[in-house]
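Structures are listed in the sections that come next.
Here subunit A shows up in two complexes: once beside subunit B, once beside subunit C.
This part shows the complex of A and B:
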């Protein structure tokens, strides 16, 4: 039997599931097809930070886009609890970027000033904390001698990223959407009324097609002779044994999960699709982390992993129609967790034919042509 | 300074010792790493030490163990005891001893990490007082710690009569022996007896062991199902179903054993090709006769490859040692063939009864049909019901179920729950275990401190 949907989304990671959830909420017939899982995918191996601060100077729209998503998370968390039964463990934790040495403190401070200046009268929520202020915020941590302070932003937050992904999927299903797991897309063909998708488990018809397969979009867009300018950006993370609740706010690169384990890692590497783990890369991360928080040295590492971030070449999301197609879309975002809430709110209307909101209007595919 | 060897062997049991000895005797630079403080592995644990362990071995077995250790000591191979390997790649390992980690490089790596007992969750298995028969055996062998009686022994496999006999020698009261082996194993295994006759002493040893257990006088219950450990904070009773009746035994210790599995954490981490054994229901790394795996630089030898017992393990180790010497051109082909022929004969003799033993002790069909409330993953507290629910929600691969439920996400990385997770998944989806994937294993395979990583002598 051939399945049929108004909208078929290829990719059931955080981005695909968020858009699927948003569409199902509007009562639209939506299917999300997801390939046989491989664990190094971005949605399955990230830290779950909702991170808005200290980034994207020079792209005010992106800054606003992130903050607007962060503001929606509290209500999203309680909504998902109802629609999916899953607690995504959202915490209004705020976020800190620790600074080692005076130089880094000044650099961070200058960057925040520049963001504030760019924001103008709208204001910018990030501030600098001196070492004493940082200590007051995290009284149970003894910081290393070289820690000079931190940036602070109350609008950053934390979720359990796996629960977020599964909550979006189940929420979508409970609202009438269809998840088609463990199914690989083999071919896509344009038909008179839409698209015919051939999978390794039968065919699917749809009126509108959304490619939200992360790095997989590179292959899928090839079916349309379109190049998607996203690259794999490798990160490595290590996870320690459980500790008591002494880190209520994440330090960028050092995050305590609700379960009590600590995730450490901040690496960015462009090494193709190589996900092999390199211990030498962890050494300087371990040094950095223990310089900030010396007591970490005594914790046992129970696991390490690497994954590939989905990295649009300029770092900003892509939401666009496939050139020449009114009803086929490409979605790619690096910060899928941070942006999940705003994706739910804004992208369904765009998929259904409306103009995308002004803040996101520049995140086109064509911006890459011009360069 | 970087340490570099021709061959690096992980594990000082029969396979690792003979592999390292053979390679070193043939003139190679060999290093052997082991977690214990003296060589011998599990079967010959502390064999060369002063401890009283040796009294549990027959004279012949003790001599075999001492000979292996003696040969190794004289071989010239470097021995690194009390060392934990926590990462392995095709050209070296990262290991930790005395709280310091370092890298050791080698052209060839031999994984000889032996077998482990198949962990099988059942009602009450996390109650203090419940442990595996094999670990109890190692405890009195290495530390003289004797389990509290009365003891109930439960399960299926040659270790049950062995431990029963050891407990008798130690004067520990055995309240009962619950045999979970299904009757249908018997006729199936009988078909394999003709081949097994090639090793009559082995069969005789087995019969003697079973006979001794019988003479020990402990009551035996056959074809037992629905074992449950009971007790609040400490085991005091074991209940089970026997001949359709619910029965209860008072017990301070319950020792369970449901067969042995190759340890596949390292071989999985290395992404070697694995195969599924349908009789014994376990995964094993695919190798040729010489232990060469699907990765050119990695050998897998001994019971860590396939559980064939000590004689086969010793022979497999030797074959790998000869092969690596041949590949590194310190041994010419004709000389290698001369060494290989007698070892192969020994190996085939040791393998002859395995078909019979494997079928006789094959795990029973309903081994993993536990009720929903049984905790499968002890690290994360995930129940069989949680797993079944995740499957119902569309997670059809064990890694996806792990992400959904956290089963296998704890410090043991699925050592304890991996088999059960796969078996429950396959049964729920009415498919075979090979169709539901295998847990991804990542370093460190043993926990290592952040300090060790920080202080790691980096090349830069």
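This part shows the complex of A and C:
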């Protein structure tokens, strides 16, 4: 039997599911076809940070895009509880970047100043905390002697990334969308009225097609002879035994999960699709983490793993039509969790034919041609 | 029908919460305290503060943490009993780290 949708999204990770959810909310007939086993994906090497601060100097639109998404998470979390029955464990935790040594403190401070200058009248919510102020914020943690302070931003937050993904998928189904799991897209053909998708489990017809398959977009876009400048970004993390709620705000790279474990890791590696674990990387990260917070050394490591994340070559998202196609789209984002809320709010209209909002208008595919 | 294994194997005597237990010489601490000396739990979950006991017995679940010979936070399923070993429930909920 051939299924038929107004919109078919290829890829049911956080990005694909967010757009599917947003479309289903508008009452549009939407299907999401997903090839990846439900937990073997980028979301699992993610700390669930909704992270806005101290990044993207020089790209004010991206800064605004992130902050606007963060502001939507509180209402999204309660909405998803109703539509999916899943608590995405959102907390308005704020976020901290600890600084080791005076030089790092000055560097962080200068960076925030530059972001604030760039923001102009709109202002920038990040600030520096002295060591004493940091200590007052996290009174149950004894910081290393070389910790000089931290950056702080109240608008950063935390979610459980896999729960976010499942909530978006279930919510979309609850709102009338269709999830087609464990199904591989084999071929895509243009028809008179839209697209015919051949999968390993039958054919699907759609009027509009969205490629939101993360790294898989490279192969899928190949069907259109389009190159998507996205590469694998390897993350390696480790997890400690459970501790009480002593870390209400994440230190970038050190996050306590709701279950009590502490997830540690911050490296980005570009090594193709190699996911092997490297002890020396762990040692480097562990040294840094225990310099910040010496008591971590007494905690047991209970698991380590690595995963490939999605990295558009300049780090910023891609939302664009496939060249020559009015109704086929490419979506790729590294910060799919942070941006999920704004993706739900803004991308469905874009998929349905409206112009994308001004803040996101520069995140085109063609920006990579110019270089 | 029951078999008294202690008559067929070497044994050691350990102390669980001060009470002596004679157990086979080559078993894990977790296995030893799950036997005759087990009294409902071997520790507390640091988040929920509820009682916990060994589950997986292969070093994965981290539910069997105990204090062994004065050192807290030991995975009792991965440590073999020794003569005279002093084993305590891990009930310490630290506030500061």
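Simple rule for what comes next: the second predicted complex is superposed on the first by the 367 of 371 C-alpha atoms of A that agree within 3 Å, B and C clash if a C-alpha of one lies under 4 Å from a C-alpha of the other, contacts with A are read in each partner's own complex, and residues count from 1 in each chain.
Definition applied: a residue touches a chain if its C-beta (ideal position, glycine included) is under 8 Å from a C-beta of that chain, and two chains touch if they have at least 3 such contacts.
A quick note: this is a predicted structure, and the numbers were derived from the prediction, not measured.
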Clash-or-fit label for the pair subunit B, subunit C on subunit A: clash
Touching A:260 in the superposition: subunit B (first), subunit C (second), both, neither? second
Once the structures are superposed on A, label A:243 by its partner contacts, choosing first (subunit B), second (subunit C), both or neither. second
Does the superposition put A:133 against subunit B (first), subunit C (second), both, or neither? neither
Applying the touch criterion given at the start, work out whether A:304 contacts subunit B, subunit C, both or neither, answering first, second, both or neither. first
Which holds for A:286: it touches subunit B only (first), subunit C only (second), both, or neither? first
Looking only at contacts as defined up top, I'd like to know whether subunit B or subunit C touches more of subunit A. B
Have a look at where A:200 lands relative to subunit B and subunit C in the superposition and call it first, second, both or neither. neither
So, does A:369 touch the first partner subunit B, the second partner subunit C, both, or neither? neither
With both complexes superposed on chain A, which partner does A:187 reach: first (subunit B), second (subunit C), both or neither? neither
Which superposed partner A:141 touches (first subunit B, second subunit C, both, neither): second
Would you mind listing the overlap between the subunit B footprint and the subunit C footprint on subunit A? 241, 259, 296, 298, 300, 302
Spell out the part of subunit C that touches subunit A in their complex, as residue ranges. 45-47, 60, 62, 65, 73, 75, 93-97
The subunit A residues in contact with subunit C across the complex are 140-142, 241-246, 259-260, 293, 295-296, 298, 300, 302
For subunit A, which residues count as touching subunit B in their complex? 36-37, 39, 44, 162, 166, 169-170, 179, 181-182, 238, 240-241, 259, 264, 277, 279-280, 282-284, 286-287, 289-290, 296-305
Of all residues in subunit B, those that touch subunit A in their complex: 87, 94, 103, 393-397, 399-400, 403-404, 406, 409-411, 413, 440, 442-444, 447-451, 453-454, 456, 458-460
